[in-house]
Amino acid sequence: MTAEVTAPRLSPRQLARRRRVASWKRGWTRFRAHRSGMVGLAVLVVFIAIALAAPLLADSSGLDVTQADGPILHAPTAGYPLGTDENGRSVLTLLIWGSRISLLVGLMATLISMVIGTLIGLVSGFFPGWVGRIFFRLTEWFLVIPYLPLAIALATVLGRSLVNIIIVIGVTSWPGTALLIRSQTLSIRERAYVERAEAIGAGRWHQMGRHVLPNVMPMIFANTTLTVAGAILAETTLSFLGLGDPTRTSWGTMLDSAFEVGAITTGCWWYIVPPGVCVVLVVLAFTLIGNALEEVLNPRLRGR
Amino acid sequence: MTPPQRSAELVASGLRVEFTTRAGRVAKALDGADLVVRAGEVVALVGESGSGKTTLARSLVGLTKPAAGEVTWDGKPMNRSARGLKSLRRQVQLVLQDPSGALNPRQTVYESVAEGLRVHKLVARSGKTEDELVAAALSSAGLRPPEGLFLRYPHELSGGQRQRVLIAGALAVQPQLLIADEPVSSLDASIRGEILALLLRLREELGLGVLVVTHDLGLAWNIADRIAVMYLGRVVESGPTEEVLTSPQHPYTQALLSVVPEMERLEPIVLRGEIPDPTRIPRGCRFHPRCPALASGEADEVADACRRTSLPILPSDPDGHRCACHLVASRARADAADEVSA
Amino acid sequence: MSTATLLAIRDLHVSYATGEGPLPAVRGVDLTVERGQIVGVAGESGCGKSTLASTVLRLQPPSATVSGEVLFDGHDVMTMRWGELRAVRWAGASIVFQGALHSLNPVHRIGAQIAEPLLVHDPSLGRRSIDERIEALLDQVGLDPARARSYPHQLSGGQKQRVMIAMALACDPELVVADEPTTALDVMVQAQVLGVLSGLVRERGVGMMMISHDLSVLAELCDRITVMYAGRVVEEGPAGKVFSAPIHPYSGALSAAFPRVGDPAARFSPAGLPGDPPDPRNLSAGCSFAPRCPRAAEICLPAEPVLTTHLDDRMAACVRIGQPDPLREPTEVAG
């Protein structure tokens, strides 16, 4: 073949990488077509921006109770756009800084949950016999443990800190992921190409890593976004119940404080509504993104 | 690629494979099968669904664990350890049925073919680069120019191309024997000939042995040196293709041949019913409930044996024409006795 | 209009509307089926045969544009009114669909599924007459009537296919269209199913249109064969002749794909066509078969060949028939 090569000859791996980039772009185009997903993404980007830019938006000294000098539980004014809390701190400042904790806890807890859940799901689905069965029983066992009592017990034993909250949420939410991954693994394991890998001479780990995992990834991806939503909600709940870290502000702790000072009965809506709305918006954003992702990544769900 | 130095043989002796159905009964997918496949020849393993042919093929590469019996490769019994199986699979490659499912949809053609090379770490030994080896394998499988296909995904290929990619993946590890399970049954009719011609070329140019598992007698006639006919877990007749298909001895083979469409030579013998349940294999000769020779009275002299005496496993004779049938055996004895007395 | 002609398809064009433009599935096909006659339609994926079959009962998808006539017993199915069409569907003509394994509803018993068309056409039928009819139908296709109580997963492939045939016969149609009825079946079961189908035609005078890519099966069963390629008819004639002495190079290739056991010439000489069946969107100008044709020449390129009569009672669409083969280089002889 006498082909004039104008571009340098790339190795197949470099070309393969280019193809993967191209397929990511295609996926993005498909995602863009989902209006709901794009709305969710936009909302999420706004909140992440707020969380990242917190020091620029609101001075961190505003969180310090000892420095608070605003009126107590005052309705919104020009100086305090969302009013003040029971210590005289600006609710807006609390909200902005609280986004950091809520998002952080949500993401970290999801990370733990996904890692544990994926590993256990893969192993219990892929290895037949007693190994798979043991891991499956483990999953089932954790699944039926009621999350709230466990969270309360753990928080009581381990103490109220951010790390503990993250652990609690991670530990109680991985079984759901594991079950999903396991059922997906079970079906992929039966596929002819996994058997072909075996016939070629590949061992179990190769089959799992090179064939099963990449085909399970799309599901993991979509499930992750939905798990984050759940984790944020869980953190809010735990904090609201008083199990959160008392030294850090999150939307959940804000709701807890609001409740304790009787904001509802006294009509201090500026203390309750904003954190609640923020939680709802963020959770909704993740859910919308997750649904759109599922449709993009699972060709069978795509509208005909 | 150099042809193998010795004539290596893959031998199955007395293989039995059983599995338990949901109802708790034991189904004998393979009930005692002997087979020998040598490098440099094409053997067709023919049977209907439920005959055990795919089970036999899978047992030969260790994908299915036999309940009894042995598989010997190159004189040594199959070593079922991970390393032993891996080493066997380097030399005996199985090409699965259904090309559209057998390729990972997320892997490019390059990766699918290179997989074997990587698993067996063959690149370092060969002195060539990985992409040279992949290109060589794709070329051997008839895909030219091979570089053009490196980055394609399976869904971008036609059925025939996918089948060739699968074959290339098997050739990449330079096996001595290829086992092809229904290599053309899911392909369009007009391209079957090309894939079959490829298998023949592999035998000619690379000295490979090929075991083709199929239900198509025409395919066996087309490319096989030898044929083994299976029924309900056993080989019932085996021998050189021309002999077996022009003068079949076993009543099952005769019936099968007679209903091949446009078979003008033979009067069609349409068997009644279906292949029996492998959990309930008939006593005596497993074919006797459907045997036209028994039903017509032709086999009266051995009818008792057909119904009660089970036949021994047909030995794997690499050159002769053998048949597992009481009637045929009794006639052969009578002929031999005549010769002696004459 | 002769009453013997059950089905007359005239100049049928079917085109699907897709995201990437129109996809021509059928490009001018004529076909007739007489009463008591079995006509075979041979072709591979993409040739339009399944689309052709669906038009007989106007079952083509709504996105399809159809032109031409599909005359069932003299009346055009494409322009029939809804009530008339419903009467034709199943009681006039019925279809045995491809892939019986997936066409049966796994959660209903066989008997209930066979009863369905009966009830659709005559809701007043009593339980007893339905049961009797189901028994008769199962008997006719060679199944034990007790099977009516089974679920599809309890039946083998061959048995399921026979259930599909029984369903097609439920309302006593005059025409049965069988789409790949024996593909994926074992040779012996195939023989049984073909026996049932030919029995139908012999005993009840049903007309049949049988579709398959297996030319040998069609030659065995059919009276006449029409060979399709890329949406058009490339050859038509008596079944045995089309199989054993094809005129069009494509029919020749199809025929060679099923070598005759016992034919010494077929030993170690597998014959196939290069390339793949054509993508209907990417048809070449001129003869659509030219890219793969062993006899292609310059003359094939300008225009699509027209179906013309060659010999007595046989038609083919090829401009190279009767012409000498182009000079071959003395390369190695295939073998």
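The letters A, B and C name the chains in turn, as written, and every chain counts its residues from 1.
The criterion applied here is as follows: a contact is a pair of C-beta atoms (placed from the backbone, for glycine too) under 8 Å apart; a residue touches a chain by one contact, two chains touch by 3 or more.
The structure displayed is predicted, hence computed values, not measured ones.
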Hypothetical removal of chain C, resulting connected chain groups = one piece
If we define chain centres by averaging CA atoms, which chain lands farthest from chain C? Would you check?
-> A
Between chain A and chain B, tell me the centre distance in angstrom, where each centre is the average of that chain's C-alpha atoms.
-> 52
Here the gap between chain A and chain C, centre to centre from mean Cα coordinates and rounded to Å, is 54
So, what's the distance in Å between the C-alpha centres of chain C and chain B?
-> 31
Chain B residues touching chain C in their complex are 48-49, 158-161, 188-197, 200, 215-223, 241-242, 245-246, 255-257, 259-263, 265, 268, 270-271, 274
Chain B contact footprint on chain C (complex, rising order) = 44-45, 156-159, 186-192, 194-195, 213-217, 219-220, 243, 250, 253-254, 256-263, 266-277, 292
Chain B residues touching chain A in their complex are 61, 63, 82, 85-86, 89-90, 93-94, 96-98, 101-106, 108, 110-111, 115-116, 119-120, 131, 134, 145, 150-151, 166, 169-170, 173
Sort out for me which residues of chain A touch chain B in the complex.
-> 1, 11-12, 15-16, 19, 191-193, 195-203, 206, 210-211, 214-215
